[in-house]
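Two complexes, one shared chain (subunit A), two partners (subunit B, subunit C).
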Partner chain A sequence: MNTPAHNSRYDVRTSPLKTPPRKLREQWQDRLHHKLDSAPAANLWLFAGLAMVVLPHFAYQKFAIMVCCSVLLLWRLLYDLKTTALPPRWLRIVLAFAAFAGVGTLHHTIFGRDAGVSLLLIMLCLKLLEMKKQRDFIVAVSLGYFVVITGFLYSQTMLIAVYMFGTIIVLTTALIASNRLASAWNDMANVRLAGSMLVLAIPMAALLFVLFPRLPTPLWGLPDDAFAGKTGLSDQMSPGQISRLSDDDAVAFRVQFNSPLPRPSQLYWRGPVFSHFDGKTWRHDTTIEIPDTIDNTTADTKHSDSGAYGTLNKQDIVGRDTPVAYSVTLEPHNQRWLFALEMPAVLPANGKFNDAFELLSRQPVKKLVHYEMRSYLDYDLQPQRLSNRHVYLQLPSNIGIKAQELILQLITSIANQQDRDEKIVAAILNYFRQQPFFYTKQPPLLRDDPIDEFLFETRQGFCEHYASAFTFLMRAAGIPARVVTGYQGGEFNTLGDYLIVRQSDAHAWSEVWIAGKGWTRVDPTAVIPPEHVQYQEHLQRFRPSVATTTVDLTWLASTWHNIKLSWDNVNHFWNMWVIGYNNKKQNSFMSWLGLEQFGWQGLAIALFSGLSILVMLVAFHLLYRHRQSSDPVQKAYQRFCRKLESIGVRKSHSEGAAHFAQRVIRQQPELSTPVATITRLYNAIRYSDHDATDKHAENELREAVKGFHPQRLLTGYQSGKNNSNNSFK
Partner chain B sequence: MPSALASDTAIGSVKTLTDSVVNQAGTIILGKKRQLSLALACLLARGHLLIEDLPGVGKTTLAHVMAKILGLDYSRIQFTSDLLPADILGVSIFDRTAGAFQFHPGPVFSQVILADEINRATPKAQSALLEAMEEHQVSIEGETRPLPKPFFVIGTQNPTYQVGTFPLPESQLDRFLMRIELGYPDKTAERALLTGEDRRDLLEKIEPCLDIEQLLEIQGVVDQVHTSEALLDYLQAILEHTRKSPDYVSGLSPRAGLALLHCAKAWALMLGRNHVLPEDVQTVLPFVVSHRLKLTTDTHTMSHNDIAKQLLDIPIP
Partner chain C sequence: MRFTKSIDKFNLARFFKAQTAEKAPLLLTQRRVYILPTGAGVFFGGLLLVMLMGAINYNNSLGFMLTFLLAGLNVISILYTYRNLLHLQVSTRTIAPVFAGERLLVPVLLDNGGHGARFSVQLYFQGESPVACDVPANSWTQVELPLASKRRGLHVLEQFTLCSTFPLGLFRTWSPVRFDTTYLVYAKPAKQSGLPQEALYQPKQTGDKGRGSDDFAGLRGYHQGDSLRHIHWKTLAKDQGLHTKQFGGDRSDELWLDWRSLEHLDKEARIAQLTRWVIDAEQTGICYGLWTPQTQHAPAHGDAHKHNCLRTLALID
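Right after this comes the complex of A and B.
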């Protein structure tokens, strides 16, 4: 088309009248140095986004740091609302140095997870105080994108991921808003655009997540202080330590059974073992070096179907049934214990045993770990010999005098009988059962002599009181004994077919060594009669059971319970497939795709072909968006255009049919007759006062398009069929 | 619903007439056929024309030629900073012999008015004319007087950055159906201009090609030019684009949409068609919308080029 504006001469001559079109680069430069208005919507969106970035860190960072960040953010907000001015340059410099000094003082370093994140947060907020130009705005948004990820250093739950997604949407909205000056675009439109941009990015992100090559060990690990604040069982046990956990609903680990679910009373998840008692606290015996005696090297492949984990020395653990198979997904707890049903038949990869048969990881568990296990439920542990016998008979002096008298009476009454040890155990358990012992979450405080006071005065206690007192009594009777802590029972999630073990399932019990049988588990808490239990909800603690339901739960409570189970199921899935998606899972996914033999090259191939497919999908959508039409006239005309495309003439989507025909004829005069006819028919049907019920013209158009063979016409063949005039306009 | 007027023969004769008008005018204003056609289309669509250009490129001549060829009476108002509304509209003067006030109509009571350098006058004087343009009547001293038919205003405007101008506000720019630029003539046209007869003499000799009845009739035919659903889809796509795009301060108004439609109809008719094609819309588009749109990135209203680039890229459905 040839508007006057396109007349070249006209254009050149009149250009002094207009501002000459600026180069794109200049426009961009201009844009970057463009001063920000003091309170456009974009600034408020940025404020919201950065506030969302900072907010989760209130749970993790030092309070003083968070106060600083809040003050800085508010300062900017007040400036945007035109109440204050921004600080002068010298003050900004002072503030920046003060931030370094402050973080250094609080953390004694400026490196590491906590100090690093603190510094990042403060610097991000400080940046807002010098945000005056578009360029600064872009820097602030980019920093926000970066700093939001630091949340993952503290928590990797799904909720945090969703929250971050929201944060990213708000930040992107800020970016969009800053690039739009038109009033026609309201905030909702910006949010929608940001949201749809992010949604469109999800397939790409998912592809990269699944296929980006993963190393068996990460290039860099989490900082040492990651997960420092996690609660769980500790490396010592004193009265009150486990009852403290009884209110903690956090998940300790989840278990998926590959064989039938054991009876609830068999679900003892063995954890830390304590042998040294100082009268108040049970600890590891520090006098004996705990050697890493048993290792993968003593592997016995009898019950092991892969070399990844070995079995144990047969003389120490004698299994008397087929082991149950299960897999454990353990939440990070910053200690080295790996929890397993007693008694492990195999060692997980990266696991080892010590002298007390604690299953330990080689490194503290700082991230979610997943391991396959087999355990004997019926077993003999060290039945033949007991090394370090004295360790398990150690007693603190000066306490438990009355308890020792009690034992003395007992021993004399059953002296020299057969199975003396077993009889003593039974007698003590009987004592607990028959005397008025109570099980309570809030036992009275024990002062000087925890053993005697508990056994003869208060007689109210939580599992650790019973385990501690029982072990003391056994040792007094000359039976080697120790305290074992761990978890008991769990909740079976029928939705996902797995067992949830929570911190509130923490438990303590005893093991006594009986000649010929070895170490035998005794749970003194379990003998307390039900009527002596003060809290119904803790029924499960002494009547070992896998709590499911629920007869007396109200409708509301059971619904709430189901929601909780569903939510846990979702979290379990998240842990298994997102957090736990590692090198191994990636490999099995690749072998499922049939690409395993290619190794990382296979990943690269899959990654690039996946990306190409995505890009192609988008490209096809863009290309054919304007082409799909159900109108037969449009269809016929599009067919005509495709035919012309085959000889290299392409219609632009904004070109009118008549102009296109003119262009075609200018390029290929041989085609003038049919092109003119088709165009005339098309325009007449589509734009003139055409009777829609009259199909004659429509058929004529279809026929004309059908008989139109541009390639043949160009090579000299004349169809002679289309001889109509070319009087289109 | 094809009427008798819109029949093929009538359309054909309209084309012959308009072609002859453009050709005749082209003998005086050399090398500006496109602008002449647009000016005629604007007149046929019952709109007013704004010409924005430097002095001396032939704006006045164009206005004069149009009036003469169409057989319309013509007057010129030179807008200056001290122009008063009465200078445009007319004034009542006491006639001693009649013993009463007698109204002396101002230059506005003509069929073609050249409002020269309209942006040099104060807003008060500007509004006097612009009111007449919108209402096709003027109210003077409590009496409403109709303006002649047809009523066609050609405003000329100097580029707004020149000294001593009062730029027309958007609302008043909107009253002009089209805005065109004349530009310098090309080399051959300029040579012909320099060697040929004086334009003023030629202007005197020119014969009208149309009479008023014919003009009014053609204006009636323009209304009957057919616009199909597909075409209206395209037009609406353009309007919607300007409203949704972040590039413009505000989108095109419904009035702008109607203006675009009328101009496209007139243009189609001048090409001898009884229906509008997307190409017609594309042809008139830059001249109809450029003075109604403002870029967000630029404080000046858009040049025809910018419009052409952005709006002509909208897909035709």
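Right after this comes the complex of A and C.
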């Protein structure tokens, strides 16, 4: 018995050419397989599912908590692989308390979104360490499902949705495996069953998703950190403090135009407006344009339409063309700005103006917002009067001394001329154009005096530097001016017919107030000559333009670009119709169906009837669909058997046709003639030397089965019997 | 009026108790397969409600989607669980008799006519531990359900229940089944006390009953003076008393197990004693007859004879 083993051992010793690593690998594979086979299949699947559930949370939760979860999960896995023991009861209790304490210390609370999810994750992993009975297993899987839903509080992208669907399949497989008597871990039948159950559940889920009543407001208050971590434009601007402009490719908002696309140079998306400069940072002026940070519904009652907010006043904005119509789908950015082309002709449903013509939402934008807009591209803004003039002339002391000297020279040279203000604007723009000013995304830092250092020393910067310096110079010249930030341009997606505006399209420009014309937009960055731009691709950053796709791109690059555009198109659709599906969209969908006059009752009726139909379809598919044979003889015989089944007699598989017929006749003697005939015909075709081309017997069988009505025969027999009884009485 | 009538007719017990005994094989149609959520199913439903609340409050579209998907899964699992029993054909095979107090094994045949394999089907008699099995598609499986036997006699098989929670354990489907199949329980044998003595042996009419040593003729009870060489050690070792091997020609004694010889005992004790004798006599290999007031079995030997005797004893009124 031992000799072969001996031999092989000698073989290894005597021939060094043999490759032990391969053997070792096989050994390991064998050992792993053995370990996996010895573990309960359901537990392995549960481990896989929970690992998938936990994984995305590495991006959102504190690292220490995720490490704890991983350790606990692995502990359970090692136990199932018969490598370690489970912790004793006292240790589990200690661990549970430690988890509470740890989460409390890390988050300073055990309530709220982040702390709550952390606790849930740890408790789920701890639950695994005491899982013994089937009941514990179902609790663990249910909690797994629950953790999946908490992941959606952080991200709702399509990829996450697909990933989570995979997770649900794995968790469901675990549940199925736990309900099997015995099942191998690599039994794919369980996965297939989980998959087909979930696929059958999709239509119901879709129907509920569309028709389940959506509320316009939350049921109760949300925790403060409910939507933390969404970024967008800043509420202040400190030129020279940031040495690098971010290349964030994230989408800020998408725009669908209902009228012809405006010229690229007209695409200025107005955002935060800054009027107060303290020498380093531009901020809102606290007296007129601080956005109200109260975000609950009481804000609406406190601030009526007149008051701190300006309404859309016909005298303030005078359009000089027909407004362009478009709709914006804004990504959440946790601030209150709504972006629109300069200058809005209407207010969106939930929006208001403040005195600086910032378009503000009543609540911070914490989820995808969709609004219809109209804007005048050619307009006069407050042409007649300017209240708060002093606000727009404010200058910090001890800053920009040389800049003020520069302005003084300029003013004296064009003093008392007509259109003095316009000439000063033109002169300063000329100054930027002719002096060696450069555009770069990585400018040197500005230390003490961001104006003078930029204007006379570094002369390198991006839009913030130019807008800041220009606004400063205007104020020094006595012209009311302010900094406007927002986005410029965008990329037109020809596949979906909409414009994508990204975070990297963020821009800053100036507005100056000129008597008779009102607030006029001046973009000082746009005058930098192309040869002064560090990289050609940066031309787009400040040249008023819409990126025109596939102009100078190679074939490969253009293909890649098109793929990216298609992907964005899919995401746009996802955002519009899945993530952004809300009370409003539901109402418009209902009116499209013609059910809006029925209100929520209509919704309920549509929902219940739809669900009933779906359940019936699935029930029919699962319970009553018989796999039909393609052989006409077999088909006819199966039909015969089905007819007998309807009266409760079924052919068993261990039973031949003749046997079955005998049994039927014994049980229901009144059926003897047709049953015997059909069985004889069937057996004759099946088992005798039947000529396959002879269709006569087949037809006869088919006809006999067709005319066979066991139910009718039985009831007829019974009534006949009754009659005869009566006659004998 | 019709409604109240139907309430009167509504009988909750129907769901748990089969109404009439039926002939095997029995097809489980939808009229006799029931389904309700399990405790885990109720818990899962509660969890879905919590998830729905969360989705509404955060107005989280994917939260809604997931909640609805799991709700759909829940509904689909009702159908899958239900289908796990539906259209199974149940029948029993002949149930081997046991002695009173022993455990019966009831062979139940599950025939699966389609719809794919049935997994984790559990069967049990009330108060007995369940037996679980899988039934592959287009195939059948036989399981043996344990059942504590009652007193001696012929009994109609009690109701047993088929149930299943496959695939998700959130719902339990069940179907009570009662067949008109009968089973026989032999009387409980009395304690071992040796076969009756010589007095009850009746000489066979033919043959030669020499006490030769050529052929083994059977065993009889030990008499004083019997040679030690003829003692049947095997029965002694089995704790069945001292027996002597008899050798002789082709003539041997016939043992009559007689009801009348046990007059000092009451009826059940007599039956128990006769049952014990039948077992022992069959084991020793001699021919034995049984005399009871209703029935007499002529001396014979073999399993069929033993069964007939025990059956007679079991059925004595």
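Following the convention adopted for this analysis, the second predicted complex is superposed on the first by the 548 of 729 C-alpha atoms of A that agree within 3 Å, B and C clash if a C-alpha of one lies under 4 Å from a C-alpha of the other, contacts with A are read in each partner's own complex, and residues count from 1 in each chain.
The working rule: contacts are C-beta pairs under 8 Å (C-beta built on N, C-alpha and C of every residue); 3 or more make two chains touch, one makes a residue touch a chain.
Remember, it's a predicted structure, so these values are computed and weren't measured experimentally.
Applying the stated contact rule after C-alpha superposition, one finds that A:659 touches subunit B and leaves subunit C untouched. Set against each other, subunit B and subunit C differ in how many residues of subunit A they touch, and the higher count belongs to C.
Of the two partner chains placed by the overlay, only subunit C lies in contact with A:645; subunit B stays clear of it. Once the two complexes are overlaid on the shared chain, A:212 sits against subunit C while remaining clear of subunit B. Touch criterion met: A:686 reaches subunit B, while subunit C stays clear of it. Judged by the touch definition given at the top, the superposed model places A:149 against subunit C, while subunit B stays out of reach. Judged by the touch definition given at the top, the superposed model places A:465 against neither subunit B nor subunit C.
Contacts of A:336 after superposition on the shared chain: neither subunit B nor subunit C is touched. Subunit A residues in contact with subunit B (one complex) as well as with subunit C (other complex) are 179-181, 626, 653-654. Of all residues in subunit C, those touching subunit A in their complex are 23, 25, 27, 29-30, 39-40, 43-44, 47, 50-51, 53-73, 75-77, 79-80, 82-83, 86-87, 89, 91, 111-115, 119-120, 132-134, 138-140, 165-170. Taken in their complex, subunit B has these residues touching subunit A: 1-2, 34-35, 38, 53-54, 159, 180-181, 183-184, 186-187, 226, 228, 230-231, 243-251, 271-279, 282-283, 286-287, 296-298, 300, 303-306, 308, 312-316. Contact residues on subunit A toward subunit C in their complex (touch as defined above): 134-135, 138-139, 142, 145-146, 148-149, 152-153, 156, 160-161, 164, 168, 172, 175-176, 178-181, 193, 197-198, 200-206, 208-209, 212, 214-215, 218-220, 222, 226, 367, 578-582, 615, 618-619, 622-623, 626-627, 645, 648-654, 667.
Looking at the complex, you find that subunit A touches subunit B at residues 1-7, 9-11, 13-14, 17-19, 21, 27, 179-185, 626, 653-659, 683, 686-690, 729.
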